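As written, the chains take the letters A, B, C and D, and residue 1 is the first residue of each chain.
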């Protein structure tokens, strides 16, 4: 049988009475506990991402790798790739997480030619399929790594060179096929280097036209092969590029609507990207949901005083309460999920830190779920909001709501009714209500 | 005859040989000098904005007014309003600027009732019309102040109270009528408080639906009265609200396309807002232009290390070169213009500082225009960019460009041609080329 | 007897079982509850600040006042000033807060001459003394408003004009006398406009020399009159100036040490200023405490996505836990306190919002205190940190700690012992431990 | 003889008439041209840094190396290290730059033990000495890389483990010896990981005490071996750590003064770090100079809309004018210099981009020097500033300046002279004057 990669760690237990230093048990996440008619597992749909947790090395722009894993011999061999995959599935199982996500180039090595690369990807994805069946872990989404190879340094689908665009298309084609084979419930596009570094050398309209054509080809090929997962675009404002075309939720929505793609794609929102774009933590999740475009969530966090993507594990209970409030209000995030697109700090070098980080984040989300469900079920905030907009349900307000009012009618209304008076927004009252649940 | 409000200052002259301390003459802006087939005046279409330059007091959140103007007695009287207007037109004329812009509530006092308020606006706009005729100064755009009065503290068209929405509609109705009367070439909407302070008390979808209905009513009323100016929306990411629905160019484009309004509105881009949204200075101008949505420009600047709207006069030659490059490339900014939505520093308390600030900015833009025209006429950068995307003009690139390629074809192309190679982006080369023109 | 200014509101009660919408009672702050040997009141030392809560109007750079108070007739009369003061003491008493703070120019009107101004300040401070005695509310600190009057637009003690410096000195002299009369426990300097807007017109060394001389005069005058309160400087990075000389804790410490003032002054840290300087919320509190310079705290918050000073009520439990952890670890904040330098949102226009905001913040701090006390008493984190630095208690580590080691010894140590190995920083483990207490 | 590593490039020429696309010649930097009594070379003291330009690979957090150099076989061999060094000196010579800088671990490979590592460093530094003599290129400064090796992940001199502190000391000891051997004019400490990632696991006072002791040992060892270069500390606010103890100029000054080290160390200011700390580009240069602590400059730039260290080549003429204004005003930067701590974009993959980037930056600085010298020689701004502070040269102002005034005297002055009046700060006038020279 397979070697155990984490011999010192068993299946992570739920023990609500565990003490502060016991960070290798769940104190709040209880997979089968029912909240508002669904289990925690059904609401939260956590996934582990392979690239951070099994390919992350701890290298940063100022330092060499720190995360040395005993199963990884550092080679590019197919055996090493398989060992990593088996370690991953052991990790998923012990953690009790039912989904995973991957980048094609991270699960399988890149070779000299596309054919050879694809062949290795076939072999690795065969093993992945086998491990999925054996463990019951499913694929939340797959994605193609269109940014790490030097060929993509000036973009993939927005590259000035059509040859590189073609390579990106060929790569995504294969990756969609693999996604189908593994039963992926979604497929994500993160526009790593789709953007510009300087406007001086860039034709931003041509680049976005090409990018749109790429997305059209992907949607067409998805249908052709009968892949039924949702296609998702993940916004990010900058880094590695100075400006990325998928800046934030509304920018992507503008792009999709401009090119007639809004029926084919939804959004995968990462809050660390949202805050880098200058918004509040939950803003893009709420905004995407309001516009019917929220498909999945990369549940991580940054540090508000840092200007780059730190991909930290989400540990703030207020933040997770906000996220789960939106998720509950839209009836769940399926077929999307909460993907832990986060990495242990490069200083967290123990194997157990991998578990502790995920467990801490899962507990934080479980608390967020419980808080949000109480908040919603009590209805205090909801009623306050409903009351606040009540004037739009009758009379002139109803006509405004319906879009049938005219400026002449509005003027007439004021001439008759006189000046309106402002009403308290009660922000601190609302904040105090929220704190009741946290 | 009218008193002279600026007795010590005459018509501002052009003198290219003026010395460094002579900041009350133009050294670069020569209205009738021809650049690429148009005069500087035709390219630059400067306007002075009334609110900053004639209603700005220098008050800030930490201090009382510092800018004491001899013609302003501090009262809310119609006489005072008229005196301010006459001072303004003397200022425009001496500066040699051919356009102005205003907020309704800044040129005319607000009274107890809408009728009284409108009556005073009629009286003031009669004077404005007279002064326009007498001086030849025209109205670049008008706008309605939907944010200063306490009634708008929770928004105007996005207010939770339909009564307040109605008031805003009545106010814009009147303002459109006045714009028509004065021959405004555009009409601007700046969503001062259309946004949220906390998501806890806000229904962001309802608010944006209402906002869209407001814009539809405005477009309908514009047509009804035969106003032919362009309707413009001005993005701003935040301040005064925590989040404003018109965050940046792409957010507004998303909004317009979502609600089917993209034919009715264009954008008025303010770079100080662009930088507050986390972009480079010229980003939204370039982006809006690429999407065919650039209608006008609020030519000001912020300070990159400050997180709020400082509305400074644009004094950076590289920035104005970038702006004018885009303006020239899209064939001009008309019927929009370069509106100086900027204010003298509250410490710049001399009357002559009003002139010095505008002159300095106009010279900076004149240098930007001359730099950009040389850059464009030499064609060095343009050719470099053209060459860079050349692969999209033939073969597989052409099919990608036309949207007729498929992923299967792309894969086949790679299998035949092999791996692509990355080509230098030459950023520093481009930056050095740019510096040649600055 | 005095009229009741808040007739609908009685003494705020503590009721731990109150529901979410009951935001006019304390659910956590129980003044006499003992935590680690002191009462909550002794640990927390809350103060209400007069300027925000009784002089704040809700005006912002884009809008007129929204906060209309029934006791304030809008005039500059001494009667109005007295009525405001009585309203304030009723507010303090009903809230159960034992300290207040004020700016001289906010409690008493400014008149034409310094003599007249001082005379009114005498009259108002007589009333303040009387109200303090009647209610038992004490003065945490006083401060001089050296920024609102136009004379200070280019700074007070750093003003290029010695006449203005002199005025500032005369004003602080009087304010120190009043502080003594009222038994102030501290005196604060916030360098509102001590900084620059542009380096082009500024001699930053001269300005800082003058500022230092100003602080020396204040310390000398304090001793001369026998005022025993602590002198405090409050850092802020920017706003209203582009750059303020008191940027952050370390900048002020550099300034104090450079000018030999570090024995005379401590710091009053405001976290909203800390975050504007690019640090984490609690950073300057921790840093100032580590250097023995933490004198008092302005307990407010900003919004991490906003670049200006919003002075919001602190409602985040994690933040208050961090603050109280440092306060407990340094044995308390006395004679400083937690001054609520925050204002209700300008949209929070109801009188009761004044109470709700303070109550919500007090409860948030009470939770922070309880969390921090448990965290400290359990000792889990403390032991982890102690263990982490253990190598400095013996051998070569001890010599490093004591400053007696040399590079030669260190080299010799490595030649003997070989290469060191890195140890996990366990960040996620620590974060999970923290969450146990929140 | 040595192979030529850049066979297609000769000695870079000065040709003021070169066209825009000719970016491989100097158009402004003319080494021997005299400006205010010194040659450009003497004022500018450019240095090339070895780590970026000869060890930078173009790898970033999202992508693999892009910069493939023909002389670098990718191995860790001593031969490869020597080849890189010879390529570097060919580069310095062809560029005409007279100084270089290096990190110990970048010029020579790290081996298993300190002895072996030091041995290779000896061998490489022998070659460096030989190449210095052969070319006349000198060493502006050396520094020890205390951040790339995993052992330093939790800091070097601030590491919780004394063993690691000891290793850092041994490493710096050797590096100081090599610096002496090579005649370095300075020695720099950049506190790469001296800071914290989370306060939860950190004793910030202990860490700073250790850091101070480290600096004391370095100063002592410098004296012991007779190294006469200046010791410099380079501030950086964050990245890689969340917070770095050397945040900005004033923070380092506070640290140095607190620990009594201000006589032993000066500052090496990098503007890209200054802007990341929230200041204007030139702020820390001006501030360090004012406090007599400016030792050297890392002449690079960031992009104001990006929140991480991009280390771009400085191409903005206004910025370099500001820098050179301060350098001229303090009489030069020697024994420091302008070190190009910048890297070609990872997309700038041609060998010639290495030259183009440096040439562009050198020309930008040459223009800055010429602009600043004219600005200073004309004296317009200087006189304006002098006049502005004139009131401190006589009467009460003089007493303030001298520190002999008291608050009582200031009060008496106001009682006699009455209220002061504010004077225009003339910011826009100053900005227009500046633009005259740009």
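Following the convention adopted for this analysis, contacts are C-beta pairs under 8 Å (C-beta built on N, C-alpha and C of every residue); 3 or more make two chains touch, one makes a residue touch a chain.
None of the values given here were measured: they were computed from a predicted structure.
Interface equivalence for B-C, evaluated over A-D, A-C or C-D, points to A-D, where over half of the contact pairs coincide by residue number.
Counting C-beta pairs in contact across B-D and across A-D gives the higher total for B-D. Separating the centre of subunit A from that of subunit B, both taken as means of CA atoms, is a distance of 36 Å. Averaging Cα coordinates per chain places subunit A and subunit D 39 Å apart. In subunit C, the residues touching two or more other chains are 66, 150, 152-154, 197, 238, 242-243, 276, 278-280, 303, 305, 345, 347, 349, 422-423, 425-427, 431, 433-434. By the touch criterion given at the top, residues 112-115, 150-154, 160-170, 172-174, 176, 197-206, 208-210, 213, 216-218, 220-221, 237-238, 242-243, 247-248, 250-251, 253-255, 257-258, 276-280, 282-283, 286-287, 290-291, 322, 381, 384-385, 388-389, 391-392, 395-397, 400-401, 403, 405-408, 410-411, 413-415, 417-423, 425-427, 430-431, 433-434 of subunit A touch subunit B in their complex. Those residues of subunit C that touch subunit A in the complex are listed here as 19-21, 23, 27, 66, 275, 278-280, 303-305, 313, 315-318, 344-345, 347-350, 353, 356-357, 359-360, 363-364, 378, 380, 422-429, 431-438. Partner subunit A is touched in their complex by these residues of subunit D: 58, 60-66, 147-150, 152-154, 192-193, 197, 238-240, 242-243, 276, 303, 305-309, 345-347, 349.
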